[in-house]
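The following pair of complexes shares a single chain, chain A, combined with chain B in the former and chain C in the latter.
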Partner chain A sequence: MWWKITSVVLLVYTIIAGFLVPLKSGIERVEPQAAQTGEQTTIRFFGYNTFFARPSDEPLRVWLYYNDQYALYAKTVRPLNDTILEATFSLPVNLPDGKPFVLLNALVDHPTAGASLLPAALTLRQADTLSAPLDPAWTQTPVEQLHVQKGFSFPYQNILYETIRNTYFHVPMWFVLLFLFAASVWYSVKYLRRPEPDLDRYAAAYAEVGILFGLLGLVSGMVWANYTWGRPWSNDIKQLMTAVALLVYMAYFILRGSFSDPEKSARLAAVYNIFAFASLIPLLYILPRMFDSLHPGATGNPAFGTQDLDNTMRAVFYPAIIGWTLLGFWIADLRTRYQRLHDRAMGVD
Partner chain B sequence: MGRTILTFVLLMGISLPAALAEGNRDFMRETGKIYVVVATLLVIFLGIVGYLVRLERKLTRLEHQTKDDA
Partner chain C sequence: MNWRSLLPLLHKEMVLEWRQRYALSGIVLYVVSMVFVVYVASVKPTPPMWNTLFWLIVLFASINAVVKSFVRESGARQLYYYQLADPAALVLAKVLYNALLLLVLSGLASVAFALVADSPVQRWPLFLGTLALGSASFSIAFTFISAIAAKADHGATLVAILSFPVVLPMLLTLLRLSAASFAPEGMPLDTWADVRNLLAVDAILIALVFVLFPYIWRD
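After this line comes the complex of A and B, so read on.
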């Protein structure tokens, strides 16, 4: 009973915190996105959840940042409102390392909201080749003493914006699937060692609810992908492999249904379950890391490495996993209890 | 026929300029795509509720059956 209450408490926390915690300030884009050396230019910075018009005692500082060594400091900074500011730059006459063009990152430092960076915001081209020593503007006002935001907030990511909160809803579906399928194969193995019908009921119920969460994960992922990847289905490796995994588990139920003798069907299904669970290793664990993908954990990187999750997100993500998993087990428990009653009523037990 | 064309023209006249004004600015993409998060949660919630409704129906059927037998 306690674990069911815990599930509800954790999920209420997840939903409330998941929705109410604000995002960090970020820079959505700049305009114009290209410039030439030697120009005097005014660039507009468009912010998301920013507070340009409300700095405190300290001023806003704006850079076009190349690297730790070279950065261009804005001559003037004028906020038009909370989310748009205009910065004027005297662009230098040449570029570092004699490059024909460089990509500069937009960096805005706000005294209370902290520093925000937009990578590759502006392309700066060399107008005429000038091999003179590097314009001192690059090193005049280095980036230093950036402010850190006070307060709890989730990371800002371009394109994702608020949908980063889906990390607490879409991603845990897969953790629940893994835990439920693991419980299912556990009971299948127990059944093979001691053919008690109740063990088989647990195995089937865990598999069924596992499929439910897998479908929920797939559909919720498609909703998310539609507005961030551009299409609900892009033959992404994780999308494909999880669809295959769900088909493998649906076959488990087709297998169960194809035998009239319940003991035989339970035994064969238990053996199939072991292979089904084993198939999850290449499908969900190995193959997705081998291919390029927009999902975290592609091309050789481990899923959910240190770069994928902020500490602020972890504070909601871990409770979310536990909450959703306990809910999954609760639903599977109900399903098992139904099956027990059904079997008893039908005289199968 | 004429009324259909008129309705169509009026609708296009209102919606088309609005659609062209901002490229991909539809409701779901407003305010930082927060409604995508709402939609995701709704999908999950309705999916779970749907499964529970299915289970509820099976239970009710079983209860009625056992009541009839008893």
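After this line comes the complex of A and C, so read on.
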């Protein structure tokens, strides 16, 4: 009983926190995206979830940021409205290390919304070759004393925007699928050791609900991929592996249905379940590390990187996994009880 | 397990195959006609296409070759064998025999395919090693699943449904390995990880065959 309540509480928390917590302020783009050295230039910063125009006691500070050593500070900053900001720079006459061009990151520091960064926002080109000592503008006002937003918010990421909330609904499906299939195999092993129809019902129910969660994960992933990768299906290795796992368990149900003797059906299905799980799961873990993937995490590490999940997201993500897992086991439990009553009514048990 | 019965059982499989030559020649003809279909259909396959077509031919030839393992002889005679010899030795003999058969078939397929479509293979040792690994993997998975499916009423179609998703991850790894064998000599390659993964999965599966087979053969 307690775990069913836990499941409901965690899922309600996941849905409320997952949908209502705002994103951090971010910079969508800057205009123009290229400039030349030595110019006086006005650059427009387009913000997302920002409130540039809201009055505050401290000034809004804007940098074009090359690295820890070199950054250009805006001379004047003028917010047009909450999401558009005009900053004037007098660009230096030359570039660090005598490079022909550098990619600068845009950095806006707001006293209450905190600092937001857009990587590689602007290309700065060297107007004509000049071997003078480096312009002091690069080091005059270093990036320091950045503000951190107070309160609970999810990270802003270009491309993802608000879809980052899908992390709490799409990603746990994969965890639940693995837990349910593992539980199904566990009951298959138990059935082979002690052939009781109830153990077989559990194995079948866990596999069934596992397929349901696999389909949900696939569909929620395809909707997400449609917005972020541009199309719902890109033959990504993880998409393929999920489809294969679903095919295996659909085959498991076809095998169950192809015997008239329930004892024989349960025994051979249990054998197939164990065999298929053992051949599938090691490669399901290994293969995504061997192939390139569009999923987060570089090749060689299919999990989330440390930068993909910050602490506020963890505070929702981990409860979401537990909540969805408990829900999956709850549905499987109900399915088993239904099947048990059904078999009893039909006089099979 | 009684290992002494292994060799006579292996011998039995070979003699049986040799006496029913139509099955063997049927599979060989199947490989040749598949290769010919590719020759008729496609003008000049690129290396990735060659790879895919080749492994498709091998996959379907393998499943056709292995599917008869447990349905060739009547149920009563199988029961008789299980009394004579250890069932584990019997299934191991079938796995070994099928692995050899698949190795010969895939070798034949690669020669036939190289004749009609120029083979892009540059590193023959790696390619032959891939064929051997593929034959072993397919043999274990298909033999065991055909043992399960033989208990059902319409086994032959069931084998394909049950085994394709199981071998698909192995097939992906095999495709990578054989694609690596197209790289020119002297280019550094890291194939060890793939080989190791396949060997590990094969080891797990052969262990499971021993553990699970007693639950299949008894009726």
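Definition applied: the second predicted complex is superposed on the first by the 340 of 349 C-alpha atoms of A that agree within 3 Å, B and C clash if a C-alpha of one lies under 4 Å from a C-alpha of the other, contacts with A are read in each partner's own complex, and residues count from 1 in each chain.
Here is the rule we go by: contacts are C-beta pairs under 8 Å (C-beta built on N, C-alpha and C of every residue); 3 or more make two chains touch, one makes a residue touch a chain.
Quick caveat, the model's predicted, so the values are computed rather than measured.
In the superposition on chain A, contact is made by A:L247 with chain C only, not with chain B.
Once the two complexes are overlaid on the shared chain, A:L334 sits against chain B while remaining clear of chain C.
Within the superposed three-chain model, A:T42 lies out of touch with both chain B and chain C [touch as defined at top].
Touch criterion met: A:I274 reaches chain C, while chain B stays clear of it.
By the touch criterion stated above, A:F19 is placed in contact with chain B alone, chain C being left untouched.
In the overlay built on the shared chain, the residue A:S293 is in contact with neither chain B nor chain C. Residues of chain A touching chain C in their complex: 192, 240-241, 244-245, 247-248, 251, 254-255, 258-260, 264, 267-268, 270-272, 274-276, 278-280, 282-284, 286-287, 290-291. For chain B in complex with chain A, the residues that touch the partner chain are 28-29, 31-34, 36-37, 39-41, 43-44, 47-48, 51-52, 55, 58-59, 62, 65-66, 69.
Chain contact summary for the complex, chain A toward chain B: residues 15, 18-19, 23, 48-49, 160-163, 165-166, 169-170, 173, 209, 212, 215-216, 219-220, 223-224, 227-228, 327, 331, 334-335, 338, 341-342, 345.
Contact residues on chain C toward chain A in their complex (touch as defined above): 141, 144-145, 148-149, 151-154, 158, 161-162, 164-170, 172-173, 176, 193-194, 197, 200-201, 204-205, 208, 212, 215-216, 219.
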